[in-house]
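For reference, the structure discussed in these notes is given below.
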Amino acid sequence: MNLLTLLLALPLAGFLIALLLPRSSPHASRTWALGISLLTFVVSLALPAMFDRGAAGNQFTLDVPWISTPEIHYHVAVDGVGLWLLLLSTFLTPICVLISWRSIQNRVKEFFAFLLLLEFGLIGVFIAQDLFLFYVFWEVSLVPMYFLVGIWGHERRIYAAVKFFLFTMAGSVLMLAAIIYVYNRAGTFSYPVLLDMLQSGRLSFAPQEQLYLFLAFFIAFAIKVPIFPLHTWLPDAHVEAPTAGSVMLASVMLKMGTYGILHFCLPLFPSASRRCAPWIVVLAIIGIIYGALVSMVQPNMKKLVAYSSVSHLGFVILGIFSFTQLGLDGAVYQMLNHGISTGALFVLVGLLYERRHSLEIKDYGGVSTVAPWLATVFLITTLASIGLPTLNNFVGEFLVLQGAALANYTWAVYAAIGVILSACYMLWLYQRVFYGEAGEQVRSHLPDMNLREWAAVVPLVVMMVWMGVYSQSFLPPVSKTTARVLSQAQVNVPFQVQLRPNTEVARAR
Amino acid sequence: MPSSITEVYFPVLVQGVIAIVLAAALIVLSYVLGKRVKNKIKDTPYESGITPTGDARSRFSVKFYLVAMLFILFDIEAIFLYPWAVVYRELKMFGFIEMLVFVVLILSGFFYIWRKGALDWSYSDRARGKR
Amino acid sequence: MPVSNFVNPADLVRFLPEIILTVMGTLLMVLDPVLHKRSSYAFGHLSLLGLAAALVASVYAFRDPGPAFGGMLMVDGFATFFRVLVIGVGILTILPSYRFLARHDAETSEYHALLLYSIAGQCLMVSANELIMIFLGLEISSIASYILAGYLRDDKRANESALKYFLLGSFATGFFLYGVAFIYGSTGTVNLTSVHAALTGPNAPSPVFVGVAAALMFVGLAFKVSAAPFQVWAPDVYQGAPTPVTAFLSAGPKAAAFAIFLRIFMTSFQPIANGWEPLVWGSALLSMTIGNFAALLQSNVKRLLAYSSIAHAGYVLVALTARSDVGTAAAMFYLAAYAFMNVGAFAVVSHLSGRGERYQNVDDFAGLGQKQPLTAAMLTIFLLSLIGVPLTGGFFGKFYIFKAALESHLVWLTVLGLLNSAVAAYYYLRLLVMMYMHEPSEAATNAEPLSFGLSAALILPALGTLVLGIFPSWVLEFAGRSSNLVK
C-alpha cells in the first residue's frame, strides 16, 4: 500500500470509528483519538526516513483514476516542502489531543472525531497533485475547523466561525473558477502534467489571462495566510477557537495558504507572479509591521499571539516573493518554525487559560513564582518566537532577510523592523504575565505542569532546539524543491534580481 | 342525391315547421282543455313556491356546484362516445378495448364519487366518517 | 387501417411507467371508500409498490429505446434519466409522509393517488417528443400538484398556497400554450425534431414569430422552474404547502420542467440559440442573486429553502446558457443531486415541525445536534451539499455546471455564480450554527424519535448525496451519453 494513502486512510478511519464510539464514555474517544493520531505520526516518520533527499521531484507517487469525465485522478505525492508540512500536521495532532484531554468536557466524541477529520484534510492538502483533488481537500479541511471553532469555542465563537467559513469560501470559489479554467485550457487536472506542458511550451497563458488566473488563486491563498488586508478573520477565529483549534489553525492551516502560493501560484503563473511581486511584498511588509504593532497593544494573550502570526507570515510571503533560493528556503523553513513555535505559544496560553480561565494579560502576573516550569517553557518558546540564535525561528528569519536583501535591500531593512518589534511585544508579554507580584487568584489557581502537559510540550521544545541547531536535517530536501520551483518560475521570464525601483516599497511607509 | 341548396335544406325547413306547429298546438290545447283556478299563488311564476324576487346575491348550497361539476365531467366524457361510435367499425377490436378502458375509468370515477358520498344530497354520516 | 398500426406492443412497453402509475393511482382512489381507516398505511405501501413497479418499468423500457405512438413519445436516455429521477423523488416523498399524514389525521388515499398522477404527468412530460404531449403532461402534473399544495384543507396557509399556485400556474401554462400555438402556426408542426428541421430548413418561418413563441414558452417554463423574474409564487407556495408536498414540489415538477426546458430549447430552438441565450443568461443571474440574497433574510426554514430553490434553479439555468451537450449533462446531474439534498432537507423539516407544522423557524432547529444526532448529521450532509462542499453531490453538480459554462466562455456568469454560492453559504450555515452551537429548543426537545420511514427518508438521500459526491462517474457518464438531444 502506498504510504501516503495509508497516511490518509488512518485519520479517516479514525474519524469514522470515532463517530461510532459510545457517547457515554468520553474516555474511549480520547484514548482512541490519541492512539490513532500517534499511530499516524509514527507511520509518517517513515516518510523522511525513506525520502530520497537527492531528488527534487515528487516521491511516493500514486496515481489512479477516480472520476472519468472530466478526468480526475487520485494522484498523491510529496516533494521536499509537502513532506515537512505533512509531518508538521501529524506531529501536532497528538499534541492537540493531549491538550484537549481535560479542557474539552462536552460533546467529547464529536470533538475528537472532528480533530481527526481535520488531520485527514490537512494531510490531503499537502500531498494532492491533482488540482481538483487539492480543492477537495482544501474545502474538506474547512468543515471540521468550522465546527471546532463554532461548537467548542469561547463567547463569540459563532461569529468567528461563520466569518472564518465565509472568508475562506469566498476565496476558494474564485480558485475553483480558475482551476476549471485551467482545465478547459489544458485538458487535465494533473499538476505535474500541467507543469510539463508549461515547460515545454505546449500550454501558455496570455499575460492578461495569467494575471487573472494568478489573482484568483492568490486571493484564495492570501485569505488563508492571511496577507494584510484580508487578515481580519484571523484574530477572531484564533481568539474564539478552543486551544487545539487555535494550534491547528495557526500551525498548519495558515501554511495551506503559503504552501499553495509556493506550490501552485509561482510555477503555474511565473510572469504574473513576478509582475505582482512588488505589490505583494509591500503588503507583506505592511503585514509584518502592522501585525507586530497591533500585537503590542493587545490586552488579550491569544489575540496577541494571533496578530504575531500575521507578522510572522509576512516573512514567509516576503521570502517567497524575493525569488531567491535563500528567500524561498527561508520561507519554507519559517513556515515550519512558525508551526512549532506559535503552536507551542497557543498550547501554553491554553494551559494558562485552563488554570485561570482568563485570557486577559492583566489577570496574570507573577506566574513564574507559582509555576516555575511553565514559566521556563514559556520563556524558551518566547525566545524561539523572537528569533534568538540556536532556536528555530532565527534560521528561517535569517534566510528570509538574506534572500530579501539579495532581491532588494530596502525590503530587508523594513522587514528587520518586524524582528525588533517581535522582541518587544513578546518580552513585554512575558514580563507582564510571569513576573511581578502574584495575585490571590494566580496563587490559588495555577499549579505547575502535570505529566500529560509535559508530554504535550516537550516534543515542541525539542523541535525548537533541533531546528535551531541543526537545520541540515530539514533543509536539503527543501532546497531541492525550492530550486525546482524557482527554475519553473522562470519560464519565459528574464531573470532579474532587482525587480523594480523602490517606489512601491516607499509606499509602505 | 339532392343538388341545389334549396333541396338540401328542405328537410330542415320541414322539421322547423313541424316543431313550431307542435309547440303552438300544445300550448293552445292546454289553454283550451286545461282546468284553471285563479288565485294569488297560482299566478306566481314558480308554482313550486320559490319566491321570484329577492336579493340577486343569494347563496346557493355548495352542493349545487358539486353536482354541476360532476355533471359537466360526465357529460364531456359521454361526448367522447359520439366520435367513437362513428369510427368504431374501422378501429375494430382496438377501438372496443380502448372504449372499455375508457368506460372502466369513468366507472371507477363514478364509483369513487358515489362511495365518497358526493351524490348523497343529505351528506350522510357514513360518508362524513370517511374524511 | 390495420389494427397493428394502433397497438404496437413496443409502444406499450415504452409507455408502461405511465400506465402503471395511472392504474395504481386509480386503484388507490377506488380502494379508499372500501378499506377501513385502520388500514391507512396500506395506501402508502401500495403507492410505494406502484412507484417501485414504475421504476422497474422505466429501466426495462430503456432496454429497447426509441419513439412510441408515432413519434409522440421518445424513450431515450434523457427521458429514462428523468423518469427514474421523478419516480425516485416520489418514493422519497412518500416515506416521510406516513408520519406526517398520521400526525395531521389526514390519511386518505387521495394524497397518494394525486402524487402518483402528478408523477405520471411528469413521466409523460420528460418522455414527450411533441409540444402537445408536453403540454398534456405539464397539465396532468400541475393540476395534481395544485390540489396537493392545498391538501390540508383546514390550514389557511395551505389554502392560500394552493390558490396562488393554481392561479399563477394556470396563467403560466397559458403562456406556454400560446407559445405552442405560435410554433404550430409558423412551422405547421408540433414535433420537436420537425420544428428544428423547419427552423433550419429553406423555408424557415419569420424569426419574429419564432422569437415570440420562444419567449412565451420561456415565460411558461421559467415559472414552472421558479426562475427569476417569475419566481414570486415560490416562497408563499412552498411555505404554505404541507412539508412533504413542498419537498415534492421543489424536486419533482421542477426536474420535469427543467427536462422539457432543456429538450425544447436544445432541440427545437437550438437553431435560434443566439437569440435566447441572453434571455437565459439574465434569468440565471437574476435567479441566483434574488434567491440567495432573499434567503439571507428569512427566518422560516421552508421559506428559506424556497429561496434557495430559486437560487438553485439559477445554477441549472447557467448550464442551459452554456448551450452544449456538456451543459445539458451538467444540468441533469445537478438536478439529480439537488433532488436528493433538497428532499432530504425537507424531510428533516417535516420531521421536526410537529403537529400543525408549528416549528418551522430557524430557531427551532437549535440543539438538534444534541437531541437527535442522526437527524442533525443527515441535515448537515444536505446543507453541506447545498453549500457545495466537496465530496457531496451538490459540489460536483456546481462543478460540472460551471465547467460547462467556462467551456462556453461564460466567464462573468461563472464568477458571479460562484460568488453567489459563497453568499449562499451564510444562510445554510445559520442552520448548522443553530443545530450544533445553541442550546436545545422546545422543538428539538419535543421531537419524536425517528420512525422507520423517516429514517429511510433521511438516510437514502444522504447516501445518494454522498455517492454522487464521491463516485459521480456513472451518473455523469450516463447523463453525458444521453445529453445529445438534437437528433
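Observations on the structure shown:
All chains are identified by letter, namely A, B and C, in their written order; residue positions are counted from 1 within each chain.
By our rule, a residue touches a chain if its C-beta (ideal position, glycine included) is under 8 Å from a C-beta of that chain, and two chains touch if they have at least 3 such contacts.
Bear in mind the structure is a predicted one, so any value in this text is a computation, not a measurement.
If you take subunit A and subunit C together, no chain is in touch with both. Of all chains displayed, C has the C-alpha centre closest to the centre of the whole protein C-alpha set. Set against the C-alpha centre of subunit A, every other chain centre is closer than that of B.
With centres defined as mean CA coordinates, subunit C is found 42 Å away from subunit B. Note: centroid distance subunit A to subunit B, computed from Cα atoms, is 85 Å.
Residues of subunit B found to touch two or more other chains are absent. Of all residues in subunit A, those touching subunit C in their complex are 23, 67-70, 107, 135-137, 139-140, 142-143, 146-147, 150-151, 157-158, 161-162, 165-166, 169-170, 173-174, 176-177, 180-181, 183-184. Interface residues of subunit B facing subunit C in the complex, by the touch rule stated above, are 90-94, 105, 108-109, 111-112, 115-116, 130-131. On the side of subunit C, the complex with subunit B involves touching residues 1, 3, 6-7, 26, 29-30, 32-34, 37, 108.
The residues of subunit C lying in touch with subunit A in their complex are 370, 373, 384, 387, 389-391, 395, 399, 402-403, 406-407, 411, 414-415, 418-419, 421-422, 425-426, 429, 432-433, 436-437, 471-473, 476-477, 480.
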